[in-house]
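Sharing a structure below in structure tokens format, with a few things to ask.
Read from first to last, the chains carry the letters A, B, C, D and E; within each, the first residue is number 1.
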Amino acid sequence: MSPSDNHESAASSAVDAVAQFEDTRTGLVGRLQNRLHQTPSLVPLIVLLFSVILFGVLLGSRFFSPFALTLILQQVQIVGVLAAAQTLIILTAGIDLSVGAIAVLCTVVMGKATFSYGIPPAVSVAIGLTVGTALGAISGWLVSRMKLPPFIVTLGMWQIVLAANYLYSSNETIRSQDIEADAAFLQFLGTKLQFGGATFTLGVVLMILLFVGLAYALRSTAWGRHVYAVGDDPEAAQLSGVDVHKTYMSVYMAAGLICGLAGWVMIGRFGSISPSATTGVIGNIQAITAVVIGGISLFGGRGSIAGALFGALIVGVFELGLRMAGADPQWTFMLIGLLIIAAVAVDQWIREVSA
Amino acid sequence: MSPSDNHESAASSAVDAVAQFEDTRTGLVGRLQNRLHQTPSLVPLIVLLFSVILFGVLLGSRFFSPFALTLILQQVQIVGVLAAAQTLIILTAGIDLSVGAIAVLCTVVMGKATFSYGIPPAVSVAIGLTVGTALGAISGWLVSRMKLPPFIVTLGMWQIVLAANYLYSSNETIRSQDIEADAAFLQFLGTKLQFGGATFTLGVVLMILLFVGLAYALRSTAWGRHVYAVGDDPEAAQLSGVDVHKTYMSVYMAAGLICGLAGWVMIGRFGSISPSATTGVIGNIQAITAVVIGGISLFGGRGSIAGALFGALIVGVFELGLRMAGADPQWTFMLIGLLIIAAVAVDQWIREVSA
Amino acid sequence: DGHSPSACLITKTDTNPFFVKMREGAAAKAEELGITLNSYAGKVDGDHETQVQAIETCIANGADGILLTASDTSSISPVVQQARDAGLLVIALDTPLEPIDAADMTFATDNFLAGELIGKWAAATLGDEASNAKIGMLDLAISQPTVGVLRDQGFLTGFGIDIKDPSKWGDEDDPRIVGHDVTSGNEEGGRRAMENLLAIDPFINVVYTINEPAAAGAYEALRAIGRENDVLIVSVDGGCPGVQNVAEGVIGATSQQYPLLMASLGIEAIAAWAKDGTKPEATEGKNFFDTGVSLVTDQPADGVESISVAEGTDRCWG
Amino acid sequence: MEPILKARNLVKRYGKVTALDHADFDLYPGEILAVIGDNGAGKSSMIKAVSGATIPDEGQVWLEGKEIKFRSPIEARDMGIETVYQQLAMSPALSIADNMFMGRELRKPGIMGKVFRQLDKSAMEKFAREKLSELGLATIQNINQAVESLSGGQRQGVAVARAAAFGSKVVILDEPTAALGVKESRKVLELIQDVRSRGIPIILISHNMPHVFEIADRIHVHRLGRRLCVIDPKDHSMSDAVAYMTGAAVPEMAA
Amino acid sequence: MEPILKARNLVKRYGKVTALDHADFDLYPGEILAVIGDNGAGKSSMIKAVSGATIPDEGQVWLEGKEIKFRSPIEARDMGIETVYQQLAMSPALSIADNMFMGRELRKPGIMGKVFRQLDKSAMEKFAREKLSELGLATIQNINQAVESLSGGQRQGVAVARAAAFGSKVVILDEPTAALGVKESRKVLELIQDVRSRGIPIILISHNMPHVFEIADRIHVHRLGRRLCVIDPKDHSMSDAVAYMTGAAVPEMAA
């Protein structure tokens, strides 16, 4: 050992303790803060409960009825499923403007396959889901291999898919009655489960199972950890041994598949198949809104997918609540705008307080 | 001096030369690569020229006429002005979904001020511009002080402004004929300058001056350097002495003001004032498209504002060219989608090759 | 001048089946007469800007005439004037311009009348119950495009309700109106809007819908709570799926319009203009060429003229 | 002698972590004060608190005897305190000259500067080139090069040059040589002595004991969020310093 | 003896900059090879080229005598080469355990792991805690803590622990002690010797000459993008090494 670093040996008998800091926050507020800090997805849940209570107080039993409360679930099922897809993309620091358009195209593909080509409905559904997955794969490839920004890729994809949807369907609607008569399986997810006044559809059940499944996959599998790592810092993930390309591809393909499922849910909910469904145009913004109200960071790598479900429900509660309270559609639109900003501001504030 | 670091003194007679690398690329291609590397905004300019030539060859003198070529300028003037506002926001690593809605609201404010409150048109224009600036200031404050993501703030702002616009105007259109008769100044930017078949409007002139002015401000003033620094890394900018809050506020207010100008341009172009103008709904996406085709990074801090003008023109050339070639609107829509992806892919590729 | 005549068709959107059929009619007639047809459409409902750009394109392209379904009937006038100055024949289809003589001629359906017919029919069908009706209004969009306002206000007028300002919906205070909601004119919006109104008042028994897809969506919502048989749904359009829905009792009555007819007449007019400069004539006693509107229902009501579903099916457009 | 910069009882908490736990601090005119301590001892937190980059939860700071409360680094800079932060505060896409003058750009004389607020790029470039040459970074070929295209060492050089050029009262350097090679480190040490010879006091945070003992006039030992002691490098060995900062020994004066 | 890792004529260009200019490189079994050189000499570029993080423009690499062409760091890892990069490759929002096992997660035994692919979090946490204790980082309170909440030194410790734990053929450390305090640096040096005593050769890039001379078996001097010479620390002084790497002197063998 050279003599020059003798001084460093003085460190060998160093005390190993570091400053230990206790959490000085106690009592109910303190414990709440602590809890929120550990589980940030509680924040949108609290906002959700708060808004349900708010409208419950305002509107009484009209709103607090099994009918109205399960109606909200039915109304958010499409946006909810799309938000699940959107969450995956946003967790990788992307954004997907094409989710709604892909969902609508998938409904059209399912309908066309059955009614124009005479394919059995179950196979048609599979074809629709495959188309969704394939479109996701194209976006994923452009993002991962061509290194194009997801915003651009999916902006282009949105326009392409929407136009393809109109061209392919010649803007023709397939009527609910015809589907019911000839291909009831397409409407399978519209099947109702009644418990007293409460009505659940299989679409709602699918949405909830989807969130449970994805929450598990994101938290408890290697794939989920890789999704977060890639969203956090793709270069670091690459260097520390994540197959970034595979992760991107799996995420975009899963998102495409989920969009296909959303399409199937749409057929169940509306009965008919219409290429001009509004979801194609505003489904993306609705899904993004749900995700951000759910506290998932647009910068990737942070947030829990449960938040997206709560986010979708918050919007659903406000929309129905405001309508029931007699706000006209324009005011409702404006108040939802305020809600978006307020929800994120509250989220930010709670995080700060509970930091 | 302690003896331990004697070895470092050996460095005192170190050779000061570093490895010098020559640029080995010569010839035309090499020089072009070099040029592109130094001035990346040339890339969209090249794409623009290429697309003009493409349609010129396809459509012949119908397209290569002064009338058609200046028509493109007129058709992009609104999107162009909005893209200027969008560029400022995107340079600070934000995104503004409310630009179109603010522009439309400003037209309504100008019209209402003149026709409902009897304010002189010139003052009404000033009021409209003030409203735009004020809305920008609100967004800026939420982004800068409340630390909310720009995407959320402007998403909420978009909905709020659009609904406010419908509510405030009671969906009433002010007819072109009435404006011409009673408040011609509102249509001032529609004034035409004719040179042979070529037609320029003052709105087009304003758009070009706006880009020249902003290009100067961004490149040659301290403010411009601060905008880039904040977009690059707001924390680093703060630590190295930039007043980040002031920069954000100035950028969002300038963007709001420019949206107000876009509103004035709209009145000039359409003659009438209509709260349901589609710019309110799709102006944001159009402006973002122009900016990204123009090669400005959505991550902030990189890109030249001239690119946004070229980007808007590229879209304008394609739209007019495809329309003149008789393409179905849905095909046009689809091809613009492809164009977005292709333009950014080409941009990426040229940057890589010329790196 | 040697080249074959060319015409432009500019519609509000190209996603609504109504305009899709209009284009089909125009395309068929154009092919028959050897006319080059270019079609344009707004990107969304109410898209005025794209229509202006389309007219400018037609001028640049040297077309002979334009068939126009204007999104913004007054704002479009200056650019229409520009086209007419450049020697193009401009025919307003479906929706009259404001003022109506801004176009060379108008081939139109009266949307207000279309609404009025279904309003009268609904009132007559309910009879005395009309005074206790609970009405849900499913409109187009919150930007209140004119066609939506005309149909809505026509319906209310026909039903016997004071519409206050005829240029907008939502300002009425008749207690029979449960509420207005917007549908974007498709099944998706129809279902959600109906659910929202049902949440306000589950005993709605008359539903006005902007068009038949919205009506189909509303029907799904009613069916979900088992009320599909005790609600009267009325609509406007007369597309084939819509007429079939009338036949199956999904919709009580619909006002049928004739987009194919309008479009083919328009193409013929442009052909004539290109050949010898003759302009089309207006219908006797009106300042436009009325292509007509008929009430389609199998439950005719006293005092409201209507055609049968069978006849409606013969004349439907999609 | 009055300290030029003085702090008492600084407290800064990050959630559960107390980064500063009633820390004191004194800097005297014209001296080089080294601050040493373990990783996480709170050295960076302390200098951030006195340079306006963070606002301490408690405690007071005095500059030349007057109490100051900075709300942003800009205020500290305006009072002549220049800081090189551990995570270099640079805008990677901007040029070296732009970065050096960030926030205090020079404007052209005359109407172009006054009315059109045009920057005097050539003057800024000239100044930047001079300052870098003084640091032996003359080899940077192009002063308009983006900072991101520089090596880590070159970048650190630019940051130090900026602080040295503009600091009028106090220059603070947080681990300025961490990423530097032997040759580059020596240049920075020379520069530090140069700044002191202009009468400006310097705070140097470093883990390199030989460097600290070579140039520091006094050594502030930081431990567990507070000042443990201040030692004179002439009276103490490096081993003493290391023992104190790691907790292997307890300084007499504090004992 | 055959080198375990060998490279010849590596060339890597970044636009105008030639980071590697026909560099050669040899690592023998069981040795600690230090790589020294000025900032920007191309040290990091070289180890990136041999660890698959970048693909060299020219040149060949052999591992245990077999030529290899890595297309990604994953391939290098799978062959037993573990690297701690200069800019630490960590996912800040994930926990320490997640980061340590990134890309080689352990799954639960039985059906939960096979079918549902559930991670065995407790096993990974236990392993991570052990490895950190070995490094003297036992003081990290919570193995589930996000990496971003660690101090720079603690973070570097986690990265080194990961490489030491998983490297089976070669461990590469690019300036592992740059941000570390005296005590923490010593721990890392001890760990390096520990890894070598397990028979695994180590490449250490460092600017700290005393550390290099203390533990290196051979010293690779890098200058201007290529290997200038390899010296034995027993035959050369630190001054020699510094003189060679800065260009103040020319090594005899190369002359």
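In the analysis below, a residue touches a chain if its C-beta (ideal position, glycine included) is under 8 Å from a C-beta of that chain, and two chains touch if they have at least 3 such contacts.
Chain identities (UniProt): A, B = ABC transporter permease; D, E = ATP-binding cassette domain-containing protein.
Since we're looking at a predicted model, the values are computed, not measured.
Student: What's the overlap between the neighbours of chain A and those of chain E?
Tutor: Chains that touch both chain A and chain E, as defined above, are B, D.
Student: So which chain is the furthest away from chain B, centre to centre on CA atoms?
Tutor: Relative to chain B, the chain whose C-alpha centre sits farthest away is E.
Student: Centroid of chain B to centroid of chain E, CA atoms only: how many Å?
Tutor: Taking the average C-alpha coordinate of chain B and of chain E, the gap between them is 46 Å.
Student: Roughly how many whole angstrom separate the Cα centroids of chain A and chain D?
Tutor: Spacing between the chain centres: roughly 46 Å.
Student: What whole-Å value do you get for the distance between chain C and chain D if each is reduced to the mean of its CA atoms?
Tutor: 73
Student: Roughly how many whole angstrom separate the Cα centroids of chain A and chain B?
Tutor: So the centre of chain A lies 30 Å away from the centre of chain B.
Student: Which residues of chain C are in contact with two or more other chains?
Tutor: As it turns out, chain C has residues touching two or more other chains at 14, 44, 142.
Student: Mark out which residues of chain A touch at least two other chains, giving numbers and ranges.
Tutor: 4-5, 7-9, 11-12, 14, 17-18, 166, 330, 333
Student: Quick check: what residues of chain E touch more than one other chain, meaning two or more?
Tutor: 40, 182-183, 185, 209-210, 238, 242, 246
Student: Using the touch rule from the top of the page, what pairs of chains touch, sorted by label?
Tutor: Here the touching pairs of chains are A-B, A-C, A-D, A-E, B-C, B-D, B-E, D-E.
Student: Help me check something: in the complex, which residues belonging to chain B touch chain C?
Tutor: Chain B residues touching chain C: 62-63, 65, 67-68, 71, 74-75, 78, 163, 166, 170-173, 175-177, 269-272, 274-282, 319-320, 323-324, 326, 328-330, 333.
Student: Could you list, by residue number, the parts of chain B that touch chain A in their complex?
Tutor: Touch list, chain B to chain A: 3-5, 7, 142, 146-149, 151-153, 155-160, 162-164, 166-167, 285, 288-289, 292, 298-299, 328, 330-331, 333-334, 336-341, 344-345, 348.
Student: Considering the complex alone, what residue numbers of chain C touch chain B?
Tutor: That would be residues 14, 36, 38-44, 46-50, 52-54, 56-57, 59-62, 72, 74-75, 77-78, 98, 142-145, 149, 165, 167-168 of chain C.
Student: So in the complex, which bits of chain D are touching chain E?
Tutor: Residue positions touching the partner: 37-41, 86, 151-154, 175, 178-185, 207, 209, 242, 245-246.
Student: Tell me, which parts of chain B touch chain D in their complex?
Tutor: Checking each residue of chain B against chain D gives 1-2, 4-5, 7-9, 11-12, 14, 16-18, 20, 216, 220-223, 225-226, 228-229, 232-233, 235-243, 301-302.
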